[in-house]
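Before we start, here is the structure in question, set down as structure tokens.
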Amino acid sequence: MTTTTRRPVPATARRRTWPAIGTLGLASSGIVTLVATWWIAADVFDLSENGVLASPLAVLERLVTLTYDPLAGLTLPGHALASFERWGAGFAVAAALGLLLGFAFAWWPGFRSALLPAFEVLRYIPPFAWIPLAILWFGPGFTAQAFVVFIAVLPPCVLNAELGVRSVDDYVVKASRVLGASRMSTLVTTVVPASLPTALTGLRIGVGNGWMALMGAELIVGRSGLGYVILSGQQSNDPATVLAGMVAIGVLGALMDRGVRFMANPFIRWRKGVETGAA
Amino acid sequence: MTNVEWRRARRRRRVRATSVGAASTIALAGLWYLSTDGLGLVSPLFLPSPVAVFERLIEFTQRDYQGATLIGHLFASLRIVAIGWFVAGVIGLPLGVAMGWSRRVRTVVSPVFELIRPIPPIAWIPLAILWFGLGTEARVFVVTISAVVPWVLNSYEAVAGVDKLLAKASRSLGAPSRRTLVEVVLPAAVPTLVGGARIALGNAWMTVVAAELLGATAGLGFVALNARSTLDPDIMLVAMLLIGLLGVVFSEGLRLVEKRLSGWKESAA
Amino acid sequence: MTDRQAKLRFEGVHKSFHTRRGEVTALSPIDLTVYQGDFIALVGPSGCGKSTLLMIAAGLEAASGGTVLADGAPMREPGPDRCVVFQRFALFPTKTVTGNVEYGLRMTGVPKAERRERVRETLGMVGLSAFADAYPHELSGGMQQRAALARSIVMRPDVLLMDEPFGALDAQTRIIMQEEIARIARDLGLTVLLVTHSVEEAVYLCNRIIVLTARPGAIKHEFTVDDDWSHHSVDEAMAQPGFGSLQRTVWNAVREEITSVQ
Amino acid sequence: QEVGETGNTGSKVTIGLQPTATSFPIWLAEQKGYFQENGIEVELKYYPSGAAMSEAGLTGAWDGGNMGSPPALTSSQKWDMVVPGPNSEEGAIQILWGRTNDFKGKDPATVLGGGEVLVKVNSTQHYAFLGCMQKYGVAGETKPLPVEANAVAGAFTGGQGVGAMTWPPFDAEFVDNPEYVHVCDGKQAGKKIFNMLALTPAFANNRTEQAVAYVKSAYQANEFITANPDEAADLLVQYYKENGVTATKEAAQRELTGRTWPSAAEALALSKGELSSDLEDLTKVFVDLGAFDTEPDVTKAVDTGREILEQAVGESAS
Amino acid sequence: MTDRQAKLRFEGVHKSFHTRRGEVTALSPIDLTVYQGDFIALVGPSGCGKSTLLMIAAGLEAASGGTVLADGAPMREPGPDRCVVFQRFALFPTKTVTGNVEYGLRMTGVPKAERRERVRETLGMVGLSAFADAYPHELSGGMQQRAALARSIVMRPDVLLMDEPFGALDAQTRIIMQEEIARIARDLGLTVLLVTHSVEEAVYLCNRIIVLTARPGAIKHEFTVDDDWSHHSVDEAMAQPGFGSLQRTVWNAVREEITSVQ
């Protein structure tokens, strides 16, 4: 146990740094190629002249100007905030309701058989197809947009919560019963916590789904939000604004995904060790 | 309990589940009817009665609405979905498999993929118009964008999720890396791959409705959006429900394929 | 033996499962009495119904017929008087070791102060005091099994039911755990019903060994272990000629049943 | 609760409008303080399209507003929206553009026949488009290629179609550009395209006094535009800027002069005269297109609000 | 011993892993020679590097330093001359038993007719002839392990590497499989390197037992088994005093290492 390795220490150090740098180079090569292709297409082949594409620099510049120069009355952060509010409202309601429904589906089969047919048909209607009806019911405004988000977020929350409960080790449930817990307290104290990782995955899918649905809704309803930035770029025949909007949507979408993962951490601390290395 | 008795019991249990489902569905439809035609609580402009929707559906199968009958619109949407889904598969499947199999490919591709992935397919619409004009190509492009993500991710996970020990066993039996992939890893990955195809099809179907903003002259999404501008909620609901029902059909169909192809798995036994 | 108190009694207990392929009889009628202080092993070929019998005893599975009497009264519901230790540990992954061990006490309304004391004491007994706040995934297999054991014995069950409790451990850890459980059972005067595949384990730990026939399981033979081997360490015990000969006798009975199906 | 009930009381009025020149007079009336003058206190709410306006009115999001005639006809038909009168006429700015190279020295009919033209279908553009095709005798031969209004210019410069229907400010690319040629417009095709003032039934019936004030203010703004075209053009540029659209003063001028902005009295005369027949022509076309299921009852859109318009005219006169 | 042919030779083979938490030395330099006909057991506490050493021998893992000589030549690539049998069987789930067993032959270009003949013969040897067309999931654990074994021995490897091959079997099936593998190894004259946790198994099957120290694994002691117990059945062997005493000696060496880490 006290034996040390024969290898001299510097060798170890080199071994560890080189692969890291190699990996970094590989990882960035993809992105570099992408940006380079974009830049060449836009500036060298002059696609930006025809209004078909904007160069990466122009998009960057547009992103910067949008942060202080308002578009349709709002700056970029303003639009992002508007989108975020709608998304937040729809997401919060859908997540709360979805988790409850999912847990109930898994735990009370009768309840499940009663609601399943309706749920199954409705969940396959794309959020986008709900937009017209949502506008009719709630008027073309905040509520309709939040509703579309709700529609997009609900199914993955329900399905994953249900799946989470079902995939809890049967023996864990048995153990709880043997130790004197009732069915209800088994659900609350054991099953729900153990199902959280899967259930939270549902929320995470919901984050993305809701965000995407909202962008669709903003193309049709309202005159603020990041979706509207794109639309407005399209109206002014300005690819730079369109691309700036897309970049903002993508970056924020990715950040939100990370955010939810981060916030979910305390709930799944107990299996952190298992999580490392997951893609 | 004898065998016969037990079969009866099982049938009874199934019948009970089905009838609870049917009863609740009928109850929901009844509630819908009561609040519309029945008691007139809700204006038909907000929610048309089920009867009106059904009549409209029948009428739709025979008479043109916006230049085509139901079948015409249906096929218009289906065509775009089929092409987009297929193109996405041709791109996404090999890419995902390569990412799952080679660490190097994964390192190069995944940052790009992660960068583009969060952009909703719908947000590509303006660029799609600029790049492809208003024809089928633009719609196919948007549908492809939406379907390529699950194709890639599931192919990746399918390959990466195959027991590492299998690859080791194969190599220790003298198989070179590529043959290990073809002989051992891919066959074991098939169910997950089909699962990816299913999700991709779902995404494609969901997106086609939005893609029909792009110069479509037919399609169920086109119908729904047009019905909106003339305040015709009954035709809107017909289109929506059809879109939903077809989604169920696709999904369940591919799920059956998935089940059949995983015959060698324990769960299917 | 009859002067000892009967803790658990099976009277003509049998069980059939209805499966896609028809009816499977897992257990032929079983008559068996577990007395206070017994450490009984159930051995038999795979699939002969050992786990099924244990689950019936726990109240987690209903018998198709016959009666199970716990302390003389018919029982059906699972309850903390008959705790189960499973092969796959079945620890609550979201709770720390303390949370796991304390769970049954909380569910049966034991006040907090008493709970804390009993958990502390039990963790000491299984040698997990230092890991009171660890999560199951942070423990080795042997430690997980200790925690599962602690979770059950903290309830002071009338009968402790164990289904291949060491099946998931490596051979070395298993030996160490066998010695520990022998000590704890002796210290607490536990009544235990143990399902195992290892004849060696059965001979080492138990005073009675029930060999079941191949499916449908019926009691083929009951062996009484006259020497209490568990006072020795496993390897000491194995060095005794009496140990080896009993082990061979039981194994031959089991082997007969295994080969009868193959 | 009645259809279109906003819950506003007293002098408070919510106005729905679209971020296009169609609604410019409403915005102008606010700027110029006409609403205040007439004793109402307004809040402006923007909607992206006529369809959205109509849906919003139905759900009680606004009291008064204005919109194109197709949604106005749908709304009056479906939920009894009250239409006091026409707000502007814009046939002349629904322009069919072509590529100079295509049309140079050729009969437009031969170029258009069998080709595709970019149009926002089922809209007034579509109506003007059909008028133009009739004019050249190629109706039925030339296919409309459906596009959202904001995408027409991009698609046409990108090479789609033989022609494109646009209106300002989306046609900035084409105006004074030698590569493109103004082939036809709604006016040349003999089509009149009206925008209408709109009131929810609850507002018109229960709060008539405020409704009259709103209508009167809107026409006051029209009179201002006619009387001060230059200042109005500056204001239109500002209006556009507030709505995220960049437009030059020239474009604004074109827009303002391309439209006619009737005064209240002129609107009343139209309403009693040719308005019905113009709208009937439009509805027939829309029924043929399949956009309207059955022919809307035009009188509902012409006569029901006239009383309010008359009161507005009367007040202006006094 | 030295007159026998050296099939596999480890010279100062050591291994470190670079993990998030820094460098983990799994194996201290190991010197070991495996001769033709050897049946060597590697035993030692969990995590001491047994599997790592085996993977290095198979060429599936690269050593951090030192040399591995196969038949006197340095080797790196995995190959069918050093086949591995894993604890979790690692059968190809999409192939039948025949497909699995035939796989290595196909990969090394053995013609079809010969392939068929060798598969038939090998399946007979492991008693799976009747299950040639079954899929792995249709087999019991013992049968799966037989198939995995057949897949390796059909290649006639120079050295058969086995990583806890019976770890996933129940105690009874394990005993039966131990006897079978002893017979097959004898019949074919196999050279085997076996990782196991069970000292009993090591004593029963092997002629040399290598005890490794706790991590980083180094060779603590090598025991030579003078009697060939594997000619007897397991229970017969266990009845012999010499068996028990060697088992205890080895076990004490292992136990020392286990307790040294706990």
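Which chain is which? They are A, B, C, D and E, in the order written, and residues in each are numbered from 1.
Everything that follows uses one rule, which is that a contact is a pair of C-beta atoms (placed from the backbone, for glycine too) under 8 Å apart; a residue touches a chain by one contact, two chains touch by 3 or more.
From a predicted model like this one, the values you see are computed outputs, not experimental measurements.
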What is the graph distance from chain C to chain D, where chains are linked when they touch?
2
By count of C-beta pairs in contact, what is the leading chain pair?
A-B
Between chain C and chain E, the Cα-mean centres are separated in Å by 32
Chain B to chain C: how many Å between their CA centres?
49
Chain centre separation (chain B, chain D; CA means) in Å:
40
In chain A, residues with contacts to at least two other chains:
51-52, 135-137, 231, 234
Multi-chain contact residues (two or more partners), chain D
55, 58, 151, 154, 158
Send over the residues of chain C in touch with two or more other chains.
none
Write out the stretch or stretches of chain B touching chain D in their complex.
43, 45, 64-67, 126, 129-130, 133-135, 213, 215-217, 226, 228-232
Quick check: in the complex, which residue numbers of chain B touch chain E?
163, 165-166, 168-176, 179, 183-184, 187-188, 190, 264-266, 269
Contact residues on chain A for chain C in the complex?
169, 171-172, 174-182, 185, 189-190, 193-194, 196, 269-271, 273-274
Provide the residue numbers of chain D that touch chain B in the complex, in ascending order.
3, 49-51, 54-55, 58, 71, 74-75, 78-79, 118, 121-122, 145-148, 151, 154-155, 158-160, 290-293
Note which residues of chain C are touching chain E in the complex, please.
45-46, 140, 167, 170-173, 175-176, 196-201, 235, 238-239, 244-245, 247-248, 251-252, 254-255, 258
